[in-house]
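Each chain gets a letter, A, B, C and D, in the order it is written, and its residues are counted from 1.
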Amino acid sequence: MVRIGIIGAGRIGKVHITSISTRIKDAVIKTVADPYMNEETKRWAKSMGVAHVTKDYKEIIDDPEIDAVLICSSTDTHSPISLEAIRAGKHVFCEKPIDHDVEKIKEVVAALEGTGLKYQVGFNRRFDHNFEAIQQAVAAGKVGKPQVIKITSRDPEPPGIDYVKVSGGMFLDMTIHDFDMACFLAGCDATEVYVQAANLVDPAIGEAGDVDTAVITLQMENGAIAVIDNCRKAVYGYDQRAEVFGSEGMISISNDSQSRAVLSNSEGVTAEKPMYFFLERYMEAYGKEIAAFIDAIENKKETPLNVMDGLRPVLMGLAAKKSYEEHRPVQISEIN
Amino acid sequence: MVRIGIIGAGRIGKVHITSISTRIKDAVIKTVADPYMNEETKRWAKSMGVAHVTKDYKEIIDDPEIDAVLICSSTDTHSPISLEAIRAGKHVFCEKPIDHDVEKIKEVVAALEGTGLKYQVGFNRRFDHNFEAIQQAVAAGKVGKPQVIKITSRDPEPPGIDYVKVSGGMFLDMTIHDFDMACFLAGCDATEVYVQAANLVDPAIGEAGDVDTAVITLQMENGAIAVIDNCRKAVYGYDQRAEVFGSEGMISISNDSQSRAVLSNSEGVTAEKPMYFFLERYMEAYGKEIAAFIDAIENKKETPLNVMDGLRPVLMGLAAKKSYEEHRPVQISEIN
Amino acid sequence: MVRIGIIGAGRIGKVHITSISTRIKDAVIKTVADPYMNEETKRWAKSMGVAHVTKDYKEIIDDPEIDAVLICSSTDTHSPISLEAIRAGKHVFCEKPIDHDVEKIKEVVAALEGTGLKYQVGFNRRFDHNFEAIQQAVAAGKVGKPQVIKITSRDPEPPGIDYVKVSGGMFLDMTIHDFDMACFLAGCDATEVYVQAANLVDPAIGEAGDVDTAVITLQMENGAIAVIDNCRKAVYGYDQRAEVFGSEGMISISNDSQSRAVLSNSEGVTAEKPMYFFLERYMEAYGKEIAAFIDAIENKKETPLNVMDGLRPVLMGLAAKKSYEEHRPVQISEIN
Amino acid sequence: MVRIGIIGAGRIGKVHITSISTRIKDAVIKTVADPYMNEETKRWAKSMGVAHVTKDYKEIIDDPEIDAVLICSSTDTHSPISLEAIRAGKHVFCEKPIDHDVEKIKEVVAALEGTGLKYQVGFNRRFDHNFEAIQQAVAAGKVGKPQVIKITSRDPEPPGIDYVKVSGGMFLDMTIHDFDMACFLAGCDATEVYVQAANLVDPAIGEAGDVDTAVITLQMENGAIAVIDNCRKAVYGYDQRAEVFGSEGMISISNDSQSRAVLSNSEGVTAEKPMYFFLERYMEAYGKEIAAFIDAIENKKETPLNVMDGLRPVLMGLAAKKSYEEHRPVQISEIN
């Protein structure tokens, strides 16, 4: 039985609390810490079987009974708390990104060395039924040698401007998932990034120094070319598609919808929109990533996504930023 | 070069004139006859390369230069003109149905005997790309032994009440195509018919003594069960689907639309409606059935649909009528 | 907090134990009874938080602390245990069918009268996302007045012959779900049933006196015609589709698959098969039906499916059996 | 009645001969010229109603009875014959590209000035039912302001190496259609091109100095970003898709197939492959582009694609070539 402490009881923290208390048999949440812990969250946590709640995450770090820590706090705390947890001998599951600063991620890499501790990064999409199916088909050689990889990732609506300002920019906040996915699907790293981007959705995003629409081309190590298209707002919902085209065929995935109902009437033949909210769309995947983390701890396996998998998309995101600023293709090696 | 006379220059007559003059190399239309021939039709026929137009179909029957006759006149004239044409030594393509009266069809059967003349009935759907694909898959054993055959056939709107009154009823006018299709797909005859029908679309149809909505169950000779559902009005267009389910799988067809465009917006994910008008939907098939008829004449082959294929669905239609009236399953052998 | 006893720890019993222990907050399983209770099941039940296991279901009936009973035992025990539980003042959730004998169901109806106890029957499909969507669309008038209702229900493989022999026949065992669904979608009862059925899948099923393939026509009270097609074996998986066609349009549902991946290669464009196993396909629905039952108890609401909803499809099944035997349409009123 | 001369009786020349002789009422082919004219082609042309065939295209240029010329000869002859035809006072339909050399296209532009002659370029896809539907939806504002335009264009197999060598390279030979389509869908010009390309399909193509796989990013004048992905070989057929994503929604098209048949069996749920051969896929579009050309002549309208529409994609192709060679984004203005 793995004893868990969860740091951060915001949206994603609550998702993990729910998953662990309802779907995972081999783990128990001992403590949940959040500086903004209130009575409502406290009551809800208790109802989910959480033994203890606190405002101070140090209670988790210092608790010798806790085996593993889930870091679900704000991005700027990810790498410092990772370091504290590792030094306290705890396994760590850290939400993405580990840090916007490559050096700080490397400190985490260094801290882990020789400890035997498990470290997993929260790229939940790898655990989604659709992305899993397409990756497995590629890995099984169903499309032959990959030649073109396409990822479409559009949010149903942009985050608030306050969030945009601290997000690290679209490439490190949103595209980072797609960078990870491109490597996951290709089965290798990218060597170069080129960005064409614009501020088309909301002028306030531009004023905050960010873009909201982009087409990003990646040269992959295995020769394939990947292309990601992003937008912060799609009126029809959360658009999450991918396609891998290779020498022997193409595998693609379309969006999930709430049901398979189709209405034919005088207006047309209308299916449901893609599921709108990312927590609903990926609820199953969030459960599976934590189950994989627990499994890695219990059965002394590698985590499916280790600290290097957390570093790679940050490098790509920083290269993307540079490409956008300098309007030229940028080598990943220029960043690292 | 097959010289053709066309009797009837209404909607379907014009379709055949167009097909022959634009798509068929080995046939030429010598004469078009229609009792209501007017100046506009005359001009149009000339522009299509028709040599001669007349109000009197006897000119076609009596013309020794004409090899083949297309009978596109009103249903009640199909069998008498068939007889005249056969007696004049002409090949005949006859629109469905040959007659509502089985005895009259049998006269045509008898008249053909020993003549070597080609006789083809106008069940155009057999020549449609979708129905051809499903039939070929079944015939090639792709679904194993057929067990359940389903046909959905719904018109975009009901015909005028005047037509309903002389149509012979929905089963002989509309379902007759589906009866032919059920046998085409099953590769055998039906032995029994059961009808559940109602007047749900327009009370005027009920007042004219007809139904407009039906579910018709057929016992096929090969053991399969077929079910047809009909309606005289589908607000979303002309609904023409089929499915054959067997021991090794299922093959199904969906509707054709004008394009494959799909619009995703805040209302949903909307594809185009099925094509609305039967002449547009089956234009290609109309051309192919005439090409097959010409081919049978020129190359002394069997027509793909002979006079017996014209008799069979009429027997099924009459059995359906009896089943509806007596509210019980009716054997085809009770009719024949 | 509703305290529950579960009678029967077979396949479906285990499904409900899992749902309650992982997904339902307001209920706790006190006792699970099964005459074949073994060590493995015992251990598993403990791991799911079940307080007590026994071979004797009377311990549940006699336990004053238990509020509600789930009857998941063999069909022949459904009505007698229902009666015992009701007499002991317990709410009852009973798997379908309540009984094959209408009189015994009526005893349950009578026993419930005046007790205020909740009684729910296990027609899980009503809680499925696809069937819910189509029913809600119909109820919301999206297709206007329903005219034709079509249900396709095919199992991936037939049950064992031993089960077939005690199943009550395909109509009471398998079609019973579709009978319930037809009424659910139409929003009314059926008045008449006509069956065309055959033994096409496995001769052993025929030797056991049953059929395995059927097309069943229903006259619904509201004028619509419904048609169900069943088969005990579809090589491509569990086929669960429905369509409601009405004066203003059509709503239809297709099958769920494990993912939305589509492979295009030299063989064709291939999507995944429908989900194969009914427990996997309807896992979510099984959870929702129990949640609704608990909600009805706690909040003193009507259960979404009461004892009369359990009686109706049995009447339809018996009418179907009679229709098959006498080869004629049978009124529901002939059975009741 | 427009009298036509056709120069070049190869594959595409034959397509136009067929279209004009079978589908277009207001035009007649007087002469077909081809330096390799043989007996077989001669006989076939006669059967299509062509009055005269010759090896010498000058007979067409010099014939005062001929109103319009279709240039279907090899690419290097397009601009010189265009000039000759224009100087002889003839309307011109010219297959793409007009020339690989911008200066030569500009000579054609200059020659046309003040003549009132019609000049149309053969970008057939604009006349395809799918591309028409998506363009019309965009133009009608159905997706709001366009933000991202995606075009996938993959051939079923690469051309022969001899052709590759004289083709002008993939960007001028194959992508040129997609460059035209991007502008057609966006409703404006591109300002910048960035290419990521590779030789992945056949080393012989690389040895011939060309690429066979590419992802091409375009900055459009209206702010939208377009991305084209090309490959010379897709094992599943001719892949022709597009998507326009905008502020109010997304419109997309999928591939045409021979039929809408879908086979469900133990392997999966398999639809037909996209149509394989471009002449079959776009046969209808080829007819419609010629009809539009004839209509422009007869009714003194603008051609839907004039000489400037022929220049634009050549500029884009040359920019793409430069981008590939210099590995940087290239402005269209650098070329022009």
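The working rule: a residue touches a chain if its C-beta (ideal position, glycine included) is under 8 Å from a C-beta of that chain, and two chains touch if they have at least 3 such contacts.
Since the model is a prediction, treat every value here as computed from it, not as a measurement.
At the interface between chain A and chain B, over half of the residue numbers appear on both sides, which makes the contact a same-residue one.
Taking each chain's centre as the mean of its C-alpha atoms, the one that lies farthest from the centre of chain B is A.
Averaged Cα coordinates give chain A a centre that lies 58 Å from the centre of chain B.
Chain A and chain D have centres, each the mean of its CA atoms, that are 43 Å apart. Annotation: 40 Å between the Cα-based centres of chain A and chain C.
Annotation for chain B: residues touching 2 or more other chains are 234-236, 248-250, 263-266, 272. Against chain B, the residues of chain D that register as touching in their complex are 22-23, 25, 47, 129-130, 132-134, 137, 142-143, 248-256, 258-266, 272. Chain A makes touch with chain B in their complex at residues 234-236, 257, 263-274. Contact residues of chain A toward chain D in the complex are 145, 147-148, 150, 154, 194, 196-198, 200-201, 213-215, 217, 219, 223-225, 227, 229, 231, 233-236, 239, 245, 247-250, 327-329.
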